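I've put the structures underneath this note.
Consider the two complexes below, in which chain A is the common component and chain B and chain C are the respective partners.
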Partner chain A sequence: MDAMAAIRKTFFEECEEQLAELESGLMAMNEGTADRETVNAVFRAVHSIKGGAGAFKLTDLVAFAHTFETTLDYIRSDRLVATPDAMHVMLRAADVLADLVRLSRTGEPISASIWKQLAQDLEVLNPIEGASNAPSNAALAISVASSDDYQLNGGNEDFAPAMIDIGDFEMSDGIPDPVQNVFNISFRATPALYEKANEPAFLFREFRRLGTAEINCRIDELPDFTSHINFGSHLHWDIHLTTEHPIADVRDVFDFVDGDCELDIVDVTPVSPADDEVVVTSDIDTRDEPVTKAETPSGATDALSEAPAVMAGVALATGLPVGLQDHKDKHESAREVAGGTTGAPSSSTIRVELERVDRLINLVGELVINQAMLAQRMIGAGFPSSSPVMLGVDELEQLTREIQESVMAIRAQPVKPLFQRMSRIVREVSDATGKTVRLKVDGEATEIDKTVIERLADPLTHMIRNAVDHGIESAEKRATAGKPVEGTVRLSAAHRSGRVVIEISDDGAGLNRQRILEKAKSKGLVPPDAILTESEIDNLLFLPGFSTAETISNISGRGVGMDVVRRSIQALGGRISISSTPGKGSVFSMSLPLTLAILDGMIVSAAEQTLVVPLTSIVETFKPPRETVHSLGPNASVVKIRDTFVPIVDVGHRLGFTTTPRIDRESVAILIETECGNRHALLVDGIQDQRQVVIKSLETNYGAIEGIAAATILGDGRVALILDVEAAVCATGSKLGHSVSANPSAGALLQ
Partner chain B sequence: MSKIILTIDDSRSMRDMLRLALSETGFEVVQAIDGVDGIEILKGCNPDVIVTDINMPRMDGFGVIEAIRKDPLKRTIPILVLTTESDAAKKLRAKEAGATGWIIKPFDPVKLVAAINRVTA
Partner chain C sequence: MNLSSQNAYDIANSAARQPAQIEVVAFRVGEQEFCIDIMSVREIRGWTQATSLPHVPDYVRGVINLRGTVLPVIDLAVRFGGASCKGSARDVIIVTQIGSQVVGLLVDGVSDILTIGRNAIQQTPNVASELAEIFVKGLIALDGRMISLIDLEDVLPKAMLEPSTAKPA
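Presenting the complex of A and B:
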């Protein structure tokens, strides 16, 4: 990758940050919680994107960012009030800007139609007084870099300040022009010129590239050195320039000092054909103050700023390049001082390639396994637990765990950017459906593993679309129901007992259970005579091929059902549940692991196999006394725990290790609670240990197995399967005919 | 003896581009990420030219110029302002704050170097 390509990549990374900043700033403005700095930050974000885009010649992006920035500038300077309508346009503009950035990044062709309309909408917002001042897109003042414009020859060469004779100087960039222009230039600097660190001598050096110049410094106004030290501007110059360049180029030399000098440029080119002399006088001095002000001593405090003027005076008087010498000294001292500080400024963050972090996480995972094996072998070798060796192993275990947690924290990221994307979805869908919907966001700072965040984007988008499209009623229906016309979708994230819970709720009509049930029956998903609980009906939504909408709209449809959402969440080791209140709305709740790499689990044995049960779902463990276990038909049984009956799930049977369920043996029950609050007793042969295990994906190494979340390697080197508690018990919890036991793979894998 | 250029810009890509353009020319480049950082870095170095952005968090370019022009030891350092517009009003404001000159973004490396050479020995 060459340097510019690397910078381009950086630019787009930066764009993402700026877009996030823009989005959150606009949201704050929309909610009326923005202060002046927020508005400034929003302006800066767009401005920054424009600036960088210009460098990469992304013309559409530059043009649109410019229009956007102009409107923001009006708001920033209080010339435009951010009304809700204006905010609506700007939020949409932020979306279009994000689109343009994305298209620019991939290099896809950009049709102007995607931004022209919104650019117009933005321009309409601008106050009338500004309309004429604001640069239009056509007149956009972005200079496209061109290298042949002009070139400075020998910029670092020495120069004689008093007189420059550059007659034999070859011009490298002069377009052959037979006309030799001759200008008489009179130049007088004001103190302001020196205060801004400009130097007339440096400007005159520019004449070298223009042509031949004869420069005379007039020192007649220079006060006598012996009389007093006067910090003022006392020199003026007469320059006789012969050049092929037009007067504009000559004026350009004085661009930086325009207003800080008295300048006369008189064209004295002899006009041969007509013989009548055309004199063009250019006076670009815009100052009103008389030049005599330069004579006024500006006070001792200004001493240093005036120094160059005096230097120049001395140099001219003696004919020696004293000024230059002075600058050379300055370089040397600057170099020495800068030696220690030349490095990049220190910053509290560093950017690391994700691959490096992942490699580290993998290694730490191996370290954890290795540490567990070591500990096990120590015990096997007969070291007593109080021996110094075992104490050391204990310490190692703690350290390993801390390292692991620290490494995991590197991958953790706030959900904020993800949530910000959702506000865009809400805007788009509410615009498309003609509903007014507000997205309220909570817990944006909640951190989750980067991969989890990335893989949440699609399911979350789908659910947000659903919430707006199906959840929220039309304005008329809401008005009839006595609800505020504006619907609310709430998106929240929070840490809850070692997991992250993300909830999407709407204040819409809630699920229409009757219709869901009818639909499921008509599609043959449930038997026609089935009697289902409310929660079971709600969960029908997650069945493959289920869609509540009468017609699949192009908003929520897209061929993705809630079953895909659930599968994505489950693939992340998460769970999803619904609760709904008619007339009040629905809540989709997702519970996700903080990380995909490690898990606190209980090591159990069932049917001679070692399994891991995630600790987060375990409520308690107990040995069920015979008399508390009751049969419920030929294949089901329940256990009575403190006056409630809980269904029993024989893990060995459920996973297909044994053919018949049994509760006759000495067994241990693990009481677990699912996301929807249902309790089940998992029957296992015994509990071996409770420890942290490193998750190894089954899907990547073998294939997905229902009822099994992943696998791990234990301290003794054996592979153990991690139970997907939710899936394992749901097969019994619902009567939908999904049975893990029908899948022999789990058993096959271990044999 | 190469010149030392201090660039102050909050944008990473802009900093990278400045560094690329300036170091290719043989300048020594010192970089600051915003105005406050720039003033801090300036305490420990004496650049020949300062190139600063205008719109920055914490302290903007105008603030930088003002602070430098008030500092008796640093006030003679030429300051070039990076601006996206060739807009006369913006130039004027930079000038009033005490900027030595300006560079229009996106900048042409040749012009950037020319502007630097125009204000230094």
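Presenting the complex of A and C:
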């Protein structure tokens, strides 16, 4: 059962890929940038999902995929024109297909209502001939019935015989000999043949010498793999041989195995000498079964020696899971597609457990630390920097950096699947709001860490919803404003100086600053008399308690405000900003780190401890002049920065390393900004360095510690703690900041 | 064949659960000698300066770098209610596996590895000592020495077993 579960897992993983392929293909068709191969790829994707689903008896999925596939087949064969309306139906069909896959994966019950309607819509698209030939119920009945045949242990009809053409190179010999004999050979090995250590593949290799052979391995008598262990000989072969040699020479090939096999050689030489056409399948295949052809120019005989290898060959060539087949015409069209210009998607990728990659990343992290330690000790030992030893250490450093980057790249994934999900959101929301919105996507190939991508899905969904629901105006308003009726939401990703910048822009009305300010004032988020700059007003959106929607629609405004978006982006070590032009639209811009395993930090010392402050929360550093520091109560003090009073947090005292907070002349202040937008000045003894550190969990072996986010290991081999800025300052009472500073939201506004 | 070796394994395993003898690592903390089951000891290493942790009990000396793992170090002398180890080069950290956690125990020195019969372990007599009550599972008399067998589960601070709720990710 475990093996089956593993196959099932792989199937769903492949489904995800197929769905992505489907989606991107349909998008291309929608934009009119599709060529024939794109249409083929779309068809192949649906077909593969259907094939696999059949094996797992996912009846609904099979039925819907079948309907979808039928429509796609019409488009592929130019019997149906992909009008915008048709494309709309098909994009929705892709969504439903994705839903069905998801439901099947989790094993949730599927109600037919979610796909029946769309299946009908699809059938309406089909040209009349198709509709009359296959009315909906009949089509479904066929597919459901055939799905029963797909099961792996379903008996003889499961496996397509594999035919392997090993004679291709003979063809290049030029002039075909006029005296060509053609033989149909049926060869069945008995167990005794194998017991005498004979190998059919070696026999077949002899055919190379004789002429051109087409060898068709019949595996339809293979027993059920899952039920019991079976010893015996279950393979037999049909060989179609074209040779100059007489029949006696052909019999000689089987001389050694005489008596241990069933051999039947029939001379079928045509009366008129045949031309060099070799691929003759139907006259052998008397049972009229579908034939899958795997063309392997050389080494085919080796592949023949093992049935699984043959089956793998079949699966590769058709893009179908092993042992699955469809009714004949569909199958052949898939084969024909697979054999198309670009062939089957034989990508050179491997699936690797994420754990293994993470382990590798951890080890490389150790390597980097170790290398740094080594270099430091070398310097400590007094090696001059020009000495061969130090040059070697330098080279080692470069190598380790390269290894680290390459390993990180394994976890990196293109944002394309994420962006594709967004196009669905745009479709759904624009349908629900009655707006026409087009999503334009740039930089899909940009790669970010897998975890970052995963955790980006929710905030991105929310922002896309917002952009369509609130950003883009209604068609009438757009027409009045002289804009094209169709709104555009642009989603782009790009690498910029070691970070990934993702932008969501719309060409809507822009933010209504007047309304935002009024609302913020009415909610008490800013003082009634506050005068804010435009950018400050825009950034009010990110304040907790500020809901963007005036009326809560069922699309956005589900209680997830922009503050949540901002918090999730910051949790990823990223930053988000907004800019807006009235009448032209708004741009949300997110800057994200490439990976979560490494953090950009400032190495500081406080109370004789070395600490790391994440760079993302640091606004600036400064040496506070004595006269700007004011005491406030017995144990609190504030510092005045540009007319704003900011509470001071002595890091050493806050973490309990010193008993009393103190400020002396050497103290350095780090101005930090918390997620809720409040600013604090962290007081430390000195700043040592600014660098990337590898994040190590404290919780694995100890537990969570208040004020500490994680640990890292520095170049000297010592553990340094990474400050949890949020927790470290919040305990000091962020209310202080509100009551003292003239402009409480200033923190959130300066980006 | 598979089945028989599986049986053999099971038999060996169940025997290991209640062996007649146990192997222990004996070490000194202050003037006293203690020991722990050798199965929970991963390695023994010299003292390196630890990085202090904020807001922790005084017997948590801090964390050290054990080949890339952040290893908390517990000062057993303080844990047992005595004065702290000085943290000199002669001190030793016993790296132990407690549950899923790897924890270092700071001791004055490892003295022995002993094989002790189960019946040689005596019940802890009733004395008015917190140390005896909480940590000592039994006493072993050996050549005029007295060695206390320690239960590691009780050595960890409660905070380590139930991570505090103060911190979000």
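One rule holds for everything that comes next: the second predicted complex is superposed on the first by the 390 of 751 C-alpha atoms of A that agree within 3 Å, B and C clash if a C-alpha of one lies under 4 Å from a C-alpha of the other, contacts with A are read in each partner's own complex, and residues count from 1 in each chain.
As a convention for this text, a contact is a pair of C-beta atoms (placed from the backbone, for glycine too) under 8 Å apart; a residue touches a chain by one contact, two chains touch by 3 or more.
Everything quoted here is computed from the prediction, not taken from an experiment.
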{"item": "Which superposed partner A:655 touches (first chain B, second chain C, both, neither)", "value": "second"}
{"item": "Which of chain B and chain C A:720 touches, first, second, both or neither", "value": "second"}
{"item": "Contacts of A:426 with chain B and chain C, given as first, second, both or neither", "value": "neither"}
{"item": "Chain B versus chain C as contact partner of A:703, first or second or both or neither", "value": "second"}
{"item": "Chain B versus chain C as contact partner of A:261, first or second or both or neither", "value": "neither"}
{"item": "Partner chain(s) touched by A:366 [first = chain B, second = chain C, both, neither]", "value": "second"}
{"item": "Touched partner set for A:711, first chain B, second chain C, both or neither", "value": "second"}
{"item": "A:217 touches, of chain B and chain C: first, second, both or neither?", "value": "neither"}
{"item": "Most chain A residues touched (candidates chain B, chain C)", "value": "B"}
{"item": "Touch list for chain B against partner chain A, complex", "value": "1-4, 10-14, 16-17, 20, 28-33, 37, 41, 44-48, 55-57, 69, 72-73, 75-79, 84-87, 92, 95, 98-102, 104-111, 113-114, 117-121"}
{"item": "Residues of chain A that touch chain C when the two form their complex", "value": "362, 365-366, 369, 571, 609-610, 655-657, 696-709, 711, 713, 717-721, 724, 726-727"}
{"item": "Chain A - residues contacting chain B, complex", "value": "3-4, 6-8, 10-11, 13-14, 41, 43-44, 47-48, 50-52, 54-57, 135, 141-147, 149-152, 155-156, 195-199, 202-203, 205-206, 255-256, 258-260, 301, 304-305, 307-308, 323-324, 327-328, 330-335, 337-338, 340-342, 344-345, 347"}
{"item": "Complex contact set, residues of chain C against chain A", "value": "48-56, 60, 62-65, 67-72, 101-103, 159-169"}
